[in-house]
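Structures are listed in the sections that come next.
Paired with chain B in one complex and with chain C in the other, chain A is shared by the two complexes that follow.
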Partner chain A sequence: MLHPNLLTPPSVIPPPVALQLSQKAPPILSSSPTSSLPWPLSLLFSTESPETWTIHENLFLASLRTGDDVSARKVLDRMTTRFGEHSERIIALRGIYEEALAKNDKELEQVFQGYEKILREDPTNFSIRKRRVAVLKSLGRIPDAITALTVLLENSPIDAEAWAELSELYARQNAWGQAIYCLEEVLLIMPNAWTAHAQLATLYYLSASAQSSNQLQPLTLSLRHFCRSVELNEYYLRGFYGLKVVSRKLLPLLSESSTSSKRNNSEDDDTPPPKLESVKKLEELATSKLAEIIRQYNSRTQGWTGFSEAEVTAARELLDADGKIER
Partner chain B sequence: MAQPVVQTIHRDPALFWWILLPITVVMILTGILRHYAMTLLQSAPKKQSLPQIRQQRSLVRGFNLRQNANVLTPTSFQARKAYMVSSYQEGKFLADPESRGKPRPNPMSDPAAMEGMMGMMKGNMAMMIPQTLIMGWINAFFSGFVIMKLPFPLTPQFKSMLQSGVGTRDLDVRWVSSLSWYFLTLFGLQPVYNFILGSNNAANQMAQQMGQVNPGAGLMGPEQDPDKLFLSEAENLEVLQHQWILEGVEDRLLAKLAV
Partner chain C sequence: MAFLGGTLNTVGAVFLTHAVYSTSEHTATFPHAPLPLDITLELLFSILILSAGIVLSSPTLKPIQWARWAGRIQREGPHGEGKWTREGEEILSEGDPFGFLGLDGGIAGKGEGRRGFWDVRGKRKEYTEWVKEGGSR
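After this line comes the complex of A and B, so read on.
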């Protein structure tokens, strides 16, 4: 596995990696990024580069995560002296710092009031709008967070991050239709994101299990989106996992509907259900792919170790349960 | 056949130290100075208001829908299309719905546009003034010198480029006059500036002029009417052929991954 670095941290940072990252604070903080020479010379001999500040920002987030508030404060002060107090980004980072240090809901409420004040002065500060949603979410006021996000998206409808967040909030409220709509917006912005396809498939699957009648259509869509996600990424464990789960659920439904005449073929010709044999084959394919991933992961083959431990374990459990039923 | 006559001109070696080198150094220094002057003169980009951001991003949402419609199920696509087309046609996303249908105001009377033009003027002045000064300086002190010989032969077409200020007909093209050296450095120092100042510098005028050909380059330049953009986008959406990418994805996947 690649060594985690602060310039390009992985998209999902597990706790040990975050600790590793934040432990790089002392050497970075001991060296000054801006030159101490007088003015014209400082232009020529500065070691500062855009990367310096990316590193500082990631270090800031990592230290906040690991509770190293002192380092975080130092990094934040340094960035503030460099970019000024009124930079949009600095305001947002300061907000994150205050949120992290808030001990109870009351203090968090104060941070929230601060955000309201900033937004009254400058309503175009989208990062503060997002922080505001985050605070509402951690205060547990999900409906308020949803309202705030819809306002944000009304003004900036091409923000994939915000759409994904809104989808998650709706899913928490069991509003599957809205959640699916939001995720479709994400796909419109990033059509080839296999994770978004898998997430959409998961939502369809969950919405199918929420309703009792006519599970066939959402499950079909779920299957298709899982298919698309593994079509885009052949080593996507989550996609194969979902493919297997969904196809196992679809198989009895399909065989039942094929025997009980073709009653609902006319009403939803929009999304015709898949053929029984294809689903069977897909399940076999998913099983074999999962088995291969587990085998290679366990034998630590080069290039196969990037999977998340928890996901591999879950896949193994799924296969084990399957094996027991067959035996 | 006689050998072509090789012209030799005995140059004072001091020419190198007192003309060639000073011109080069002065040109490089002015470039650097200009870069910093431009950085200081630049006014921060003006902040857009919230309705303007909304107007622009809603249009981009339409582009996205048109380009990536394939990921949607047919029903979901139809619903979205109907919504987008109707709100585009009603002008729901416009920043100021009142001015809809009216002709655009004269850009000269718009203070924001004037500000942009002032910025451009400032940039041009920062180019022009040092250029005029240095050109005059070179003309006053160094005109008429032949300062170097190129190590390779050239065709006579280059004569006007390499020997401006030296009015001799028979001089070999390989000799370069001081004024020409000034022009060569004027146009050819971009890589040097890139090396010194980083690739995003404002030192060279050529790059500046390239940039000015298409200043806005955005989706919504100041001279375009947003309402017209919305209407044409609505039309584009209406004629769009929709094809669902998940149609038959199972078989595609099986064919691809079958062992």
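After this line comes the complex of A and C, so read on.
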């Protein structure tokens, strides 16, 4: 298992890992990265590197998460002296610190008012605008958060991170159409993001489960996007998993519609349903790829250890369930 | 491979230096005589050896197909390459370049979410609950 790393923190940080990360605070805080010598000498004897400040920022977040507010404050002070208190990023980090220390919703409300004040002075501070959305989300005011985000996106429509966040907020409200639209915007900005394709496919799949009639069209689109995600990444476990789930759901629908007469043919011209044979082939492909990934991961082959344990287990369960049905 | 490349580079550099030095001495002594054949041959030989050494000691190539490249990132996951920063953090290999979109955790998943919208209070609460439960691993 990889040691918890502050430079590139993992994408999922469970509490034990967070604890290990924040325990790195004392050694890092014990030595100062900036030199105390006067100006020309300080350039020569400085030990800081670009990584230094990434590590400090991640350490700040890790200490706040584990309630080590003293270390967090020290790291924040250090960053403030280095970059000045008017740096956009420092302002946002200070905001996070205040949010973390707010004991109840009322104090959080005050932090929110503080953000409003900062934005009145400098409406172009996008980090603070994002924090504002995060506070609204934390207060449970999801519709307000959505409104704030749409305003942000009107001003900065190429912010992929914000589009992805808005998509998730909509998806939490079960507004599948809007969520799909937002992810399509992400894809316009980053057409090669395999995670975005898989997420879009997931949204189509969920929207198909939400509606009872005409499931064929969203499932077809879901299949297409899963196909694209595995086309962009040849060992994308989530993509193959989704491909298998969707094609298993599509197969009965397709055989049904082929036995009954071809109905709304003109209506579905935009997204013609796939052929039965190709869906079958895709399912076989997904099964074989998943089986390969599971086999290699479980035998701990060199270069195959990057998958997440939970995902591999889920894939195995899917394949096992499949095997039982066939038997 | 790295050892062989290093040796070839050293040998090539020695020959190249020798050839250059010989040329300089030769032209200083006989300004109008043509260069002898052995110096020319040594120069060409040293350049061949150096080129081979540089090619052999270069790092392995990255896949130029998007799917292969992405697949390798997915398969291998982030791993150390034997370099550490001064703070003692290992510098890891290239990770998922779209990780910042926070889309891999699914909807309302357990992941870290997007950096700009980091939910500090939610994460703090998760941690305190874990501590209350006894902090089991």
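Heads up, the rule we're going with is that the second predicted complex is superposed on the first by the 309 of 327 C-alpha atoms of A that agree within 3 Å, B and C clash if a C-alpha of one lies under 4 Å from a C-alpha of the other, contacts with A are read in each partner's own complex, and residues count from 1 in each chain.
As a convention for this text, contacts are C-beta pairs under 8 Å (C-beta built on N, C-alpha and C of every residue); 3 or more make two chains touch, one makes a residue touch a chain.
All values reported here derive from a predicted model rather than from experimental measurement.
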Contacts of A:S63 with chain B and chain C, given as first, second, both or neither: neither
Contacts of A:P191 with chain B and chain C, given as first, second, both or neither: first
Partner chain(s) touched by A:S71 [first = chain B, second = chain C, both, neither]: neither
First, second, both or neither for A:E234, with chain B first and chain C second: both
Chain A residues touched by each partner, larger count belonging to chain B or chain C: C
Contacts of A:H225 with chain B and chain C, given as first, second, both or neither: first
Set of chain A residues, in rising order, touched by both chain B and chain C: 231, 234
Chain A to chain B touching residues, read off their complex: 122-124, 154-158, 181, 184, 187-189, 191, 197, 221, 223-225, 227-228, 230-231, 234, 270-271, 274-275, 278-279, 281-282, 285, 288-289
Chain C partner contacts - residues on chain A that touch it in the complex: 2-3, 5-16, 18-19, 24, 27-28, 33, 47, 49, 51-52, 55, 61, 64-67, 92, 96, 99-100, 102, 108, 126-127, 130-131, 133-134, 137-138, 160-162, 164-165, 168, 171-172, 186, 190, 192-196, 198-199, 202-203, 206, 231-238, 303-307
Residue numbers on chain C that touch chain A, as the complex places them: 66-68, 70-80, 85-92, 95-96, 98-108, 110-124, 126-128, 130-131, 135, 137
Chain B residues touching chain A - in the complex, by the definition given at the top: 47-50, 53-54, 57-58, 60-61, 64-65, 67-76, 245-246, 249-254, 256-259
